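Each in structure tokens, the structures are laid out below.
The same subunit A turns up in both complexes below, where it pairs with subunit B and then with subunit C.
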Partner chain A sequence: MSRQSVDARAVAVENSITSNVSLAKEPTRHVRRRLRSEGKRGGLASLLAFLPFIFLAVFGGIPIILSLLLMLGHFGGPNSAVSQLGQGEIPGHGVGTLGAITQMFENHAYQQNIIATVIVFMISGVVVLAIAATLTLWQRLRPSRAMSALQFLAVVPLFIPVVIASFTLWTFWGDRGFTNSSAALLGVSHSLIFSGKLQGVVLAEVWVSLPFAVLLMRAGVSTLGDSSLDAARDAGAGLLTVALRIALPQLRKECIVVFCFTAVGVLGSFTVPYIVGPSSPLMLGVDAVNTFSDYNQPQQASVIGFTIFALAGLIGAIYAIGSRSRHVHH
Partner chain B sequence: MRPRSLLITTGAVVSCFSIALSLGVGASASTLAQRHAATAKGVIKNPYPSSLRGSFAFYSGGDTNVASLWQNVLIPAFHNSYPHININYVLSVHGVNDVTTLARVAIAVKDKIPSGFALLESATNAVEVAARGNLFIPVTLKNVPDSVNVPKSTMQVVKYDAVPYRGSKVVLAYNSATVSNPPKTIGQLISWIEANPGKFAYCNPSGGGSGAYFVEAVLNQYLSASAVNTLAFTQDTSLEAGWSTGMALLHKLNTSVYGGGTYPTGNTQVLSLLESGAAQMATVWSDQSTAALRAGQLPSTTKLVDLTPAFAGSPVYLGVPRYTPKNQVRLVDAFLNFILSVPQQAKVVKVLAGFPAINVSVMTKSVKTAFSSLGESESLPYAAAVNSDMERVWQQDVP
Partner chain C sequence: MSITSWTSRSAARPATGVLKVLVRALEAILFLAAVFFIVVPLAWLILLAFAKGFSFPSLIPTSFTLAWWHTVLSSPGLVHSVILSVTITPIVVAFSSLICLPAAYAIGRFEFPGKRLVLLSVFSINAFPRISLYIAMIPMLFALNLMGTIIGVVVVQLIGTVLFMTWIPATGFAAVPDSLVDAARDAGANKFQVFWRVLLPLARPSIAVAAVLSFLAAFDEAQGTFLVGAPNYLTMPIRMYSLVLDYPVQFAAVFAVVLSIPSVALLFLIRKHLFAGTNAAMHLR
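Right, the complex of A and B next:
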């Protein structure tokens, strides 16, 4: 906890305990005395608050630093076991080598993989946001039994393990699956197959990410004040106008959160693109696992890892920019 | 008699009885083990008494059928013969922890300390890589006498530092109802694929050995016999440059294979394509497909056949890391010796539908007839490091 928040808390405690104005007028001496005793209690609380950070630094930060060293070609110390058995390694001296990075980025197939991953997570994020917003806003503005049943169904994928869902969807959208068989029976098409394609990956990722998005949007939608919605309706606005121009702007933060969380989840996903996706181009999660385990190239796999970090940083930037509080001009 | 002395007497009688019983059980177990050893062809003496005590950890990376073989068949059978040895069986499904376990063993061997595991099996080629990296204790006829029946070629691949306990090879499966004249050589298979687009499927080589060995067979068509033999044991990037012709051919076959270039993720997905009739011909593992046929998971019209030359076969190796405590090594050697005995190898055939690690010639008649249709011929697969390169180059050049 920062010094500032401890100060603020101390002052608040002071003001709540006593209504003596003189104390409030002379905060310095009393606050300092309070701060000392508060500080002792605050010290333990500060330590507890630091624990998650310490945990993250040790179990997340240290491996990231080691991976960075591996990527730059330093194979000694903690990286010696992994690199002893690795293949295709490019050693680095001094600060390190950018050889592994250039080797990967010059590869045409890898460039295709990056583009495919970006397209898939952007589209998945947008589709999930659209569906979640539609479901929740509709239920809020025109409540009905059917819509609440649909919302419940949208949360069901949360309880189905992703591996099982992926295999099922691979069959469902496959050659002999439901969609293709129905299309063939209706005479519409003989190859309405989404398995083994990026479209299938998008559909499956949407299926997997929808529950979280619906729950978030539902929470956001429930905070919408009736007054603004009723006022708009009384002024003669239609359903779509109320939703898009009155309700949605108030839900900007929730929309940004839903989009960014979905995008980051899809960016790092492995199971869905591995089972449902195509052999080429690959999503970066699958490519990283293949490069590390199957091609036995840990250094190149760490390049892929840092590419994923960079893309996640981009999504983080979108989140940071999008959730900035705007000043309301009267 | 007074109650207290009655209690003492009863206690004495019960304990004498139980000691006699356990000794009797132990005695009968050891005679059972000896009888097993005696009925093996060539009468290999078992140097491990059933009174051995202790426990060790066994890491096993494999599919669910392999886990079932260990947990439901082989380990309980071992416990019957050696009741005082406990095996701590650690499973990693599909070998997802193979690479990390291998790294852990490598660190331990470098520091000259026990790695925590006394026996390793991998679903990927991790054990072969480790064996060729001098991480394992050599397998000798002295400490595993039953290994005399294992063919020398399979031991040479791992420089005698590991021992196989089962095998499987890749065969061609086809639906005899729709395919009247199956191909007999690799060349004929490629012509068949081009003439029948969308009917043949093979899995991504990174995901399953059935696809990997098909790719190897196509690549080997354009390499000399000596090059193929070298690549079976060592990595040689100059020889790997000769893959370009084969990779170009596989790239051309993209439009003719299932789905216009859709490569299923692994072995079981290919089997399910055959099951649903989406594919009419595919390369599959002999043990998985035989077991699936028995269970009715493949159409009964499915037939399994070898090509000439046969696809590669892969023995599955077990290795003992260096610096494992000596008492545990003795227990593990007793286990390995037990697994390689004829009755246990017969179970590998019957339960897993796999190939035994030992020569079929020393097995019983019923086992020999089970192999008459598939035969014993198989090619040598690429060495572990070469296999990794092949998967990487395939991913670049083919899909």
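Right, the complex of A and C next:
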């Protein structure tokens, strides 16, 4: 997962889950007058507007359907090419077979991988949200040079490609790395190694996810009015109370977006767990690639792909529930 | 909404006595923690790239050398990766522009049937976890005989640029004031002249930002390229995968530093627009 794809998803996930409708408003705000001044409905330009849609349908939409058919054991038609190299395939007739799915889910290692993936994306999401909210609210309520420098630092990983970040953190937290060397120099008896462990994956995912979360929270925090914060303080509320009771509830939407975006990013990541993570249990992204590339099992890989989709649906549900209860509040 | 604006209109009040000292201390601890978590690893990477001897548990190299740089820069495989990356990425950006910029113009300036469908497709494709999307693409790419081809690699990298190339320029085109367009029309400009002389120049910064972001997205894309292009097309990020496993750590560190240069340089160049753009694209309220 490249950093920019993170950014892409950043804006994307957030925007798509936020609501395409409201975002679509931005470019169309003055459309009526424009219709008069530029005439027509764009003619050729609006036909060309469908190019991205067609591209994404051909290389995103249709493939998902084909992959679904492959998972259900349909090896004919367009799927015949990929299934020729497949091993251990379970063919389906009629509607299809759930054989590949049950085969995967009955596998103990696969169950462990799913659990590990869920734990990692949940913890990463919560940690990233906690850090981003703390940094931005702190600076909003009690600005200082230290905190503004801290926010700057939190955005630095944006500039580093994810492959590089993963490699760097892998050596830094490795057995001969900086943390372990420091521990040894300080006379700590047990080693301080995160590479090759799920803890390392969480830390590295936090590292690469932090910039977007901080940028997004910062945008949200900047919309907090002074008046409500001041009023609370005049009533004698402490900083912590203001942050938790007054500011945070107003940032509910940003919090949910940051959590969900981070969770989906971690769920769909490959590079970080591949380089930093353990060989068992595997994050599903790594498992999917291994299953396809090393074991030549495209059908089983598609099961993993759809498991990831399903978990993304779970995150989507968290988003839907979270943003719905916000309306109840107001 | 500017990123820095709120720091100045603070709602803060001076704390007193012990509390103030405690808060300052806590801030200092957090700051040092962030330095250790974010900056020190990067400094460590740069040190590694110049390290000759590195004996555990020393925190800095025992001696320094430029030999790794020479080895990396004279390794034919790695040089080939650099050339490959530098060749493929502009192709991706060019195709992305061809596909997305007309759409961005139409979305930004016109109301047409199906507009929401286009936007929905552009946004929702990015809501899919990336690796599972690539896995799902495999049967299709096999069917089209695109696995292990440069077209397949371009397609996989292009997916990650569509949102940038469509949405950011669309907001740029939309932000051009109607009064300017009207004025140009009144002065006798035809539709093409309005586009070429008014709309395009004013939307250019947003197109530039989108192009840079797309360039970096494609340049740094590793997992999809790995799945579709390897072993025929080993771009720079993919090389990192094998370097991590099979080479001395200093060797990989040098390559990592080289690979970071375009990202750091380009992002630094557009950082102001980038943050303003992200903020604009992110207005949730």
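The rule we apply is simple: the second predicted complex is superposed on the first by the 264 of 330 C-alpha atoms of A that agree within 3 Å, B and C clash if a C-alpha of one lies under 4 Å from a C-alpha of the other, contacts with A are read in each partner's own complex, and residues count from 1 in each chain.
Quick note on the criterion: a contact is a pair of C-beta atoms (placed from the backbone, for glycine too) under 8 Å apart; a residue touches a chain by one contact, two chains touch by 3 or more.
Note that the coordinates shown come from a computational prediction; the quantities given were computed from them, not determined experimentally.
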>> Per the contact definition in the header, classify A:229: touching subunit B only (first), subunit C only (second), both, or neither.
In response: second
>> I'd like to know which partner A:82 touches here: subunit B for first, subunit C for second, both or neither.
In response: both
> Who does A:213 touch here: subunit B (first), subunit C (second), both, or neither?
Replying inline: neither
> After lining up the shared chain so the two structures overlap, which partner does A:243 touch, if you call subunit B first and subunit C second: first, second, both or neither?
Replying inline: neither
> Where does A:123 make contact in the superposed view: on subunit B (first), on subunit C (second), on both, or on neither?
Replying inline: neither
> Looking at the overlay, what does A:114 touch: subunit B (first), subunit C (second), both, or neither?
Replying inline: neither
> Of the two partner chains, subunit B (first) and subunit C (second), which one does A:256 touch, if any: first, second, both, or neither?
Replying inline: neither
> Which partner, once the models are overlaid, touches more of subunit A's residues, subunit C or subunit B?
Replying inline: C
> So, does A:201 touch the first partner subunit B, the second partner subunit C, both, or neither?
Replying inline: neither
>> Quick one: is A:193 in contact with subunit B, with subunit C, with both, or with neither? Answer first, second, both or neither.
In response: first
>> Need the overlap of the two footprints on subunit A, from subunit B and from subunit C, as residue ranges.
In response: 80-82, 170-171, 175-176, 274-275, 292-293
> In the complex formed with subunit A, which residues of subunit B make contact?
Replying inline: 98-99, 102-104, 106-107, 110, 124, 129, 133, 204, 206, 235, 259, 261-265, 269, 272-273, 276-278, 385, 388-389, 391-392, 395-396, 399
> Touching subunit B in the complex: which residues of subunit A?
Replying inline: 80-82, 84-85, 87, 107, 109, 170-171, 174-176, 193, 195-196, 274-275, 278-280, 282, 290-297
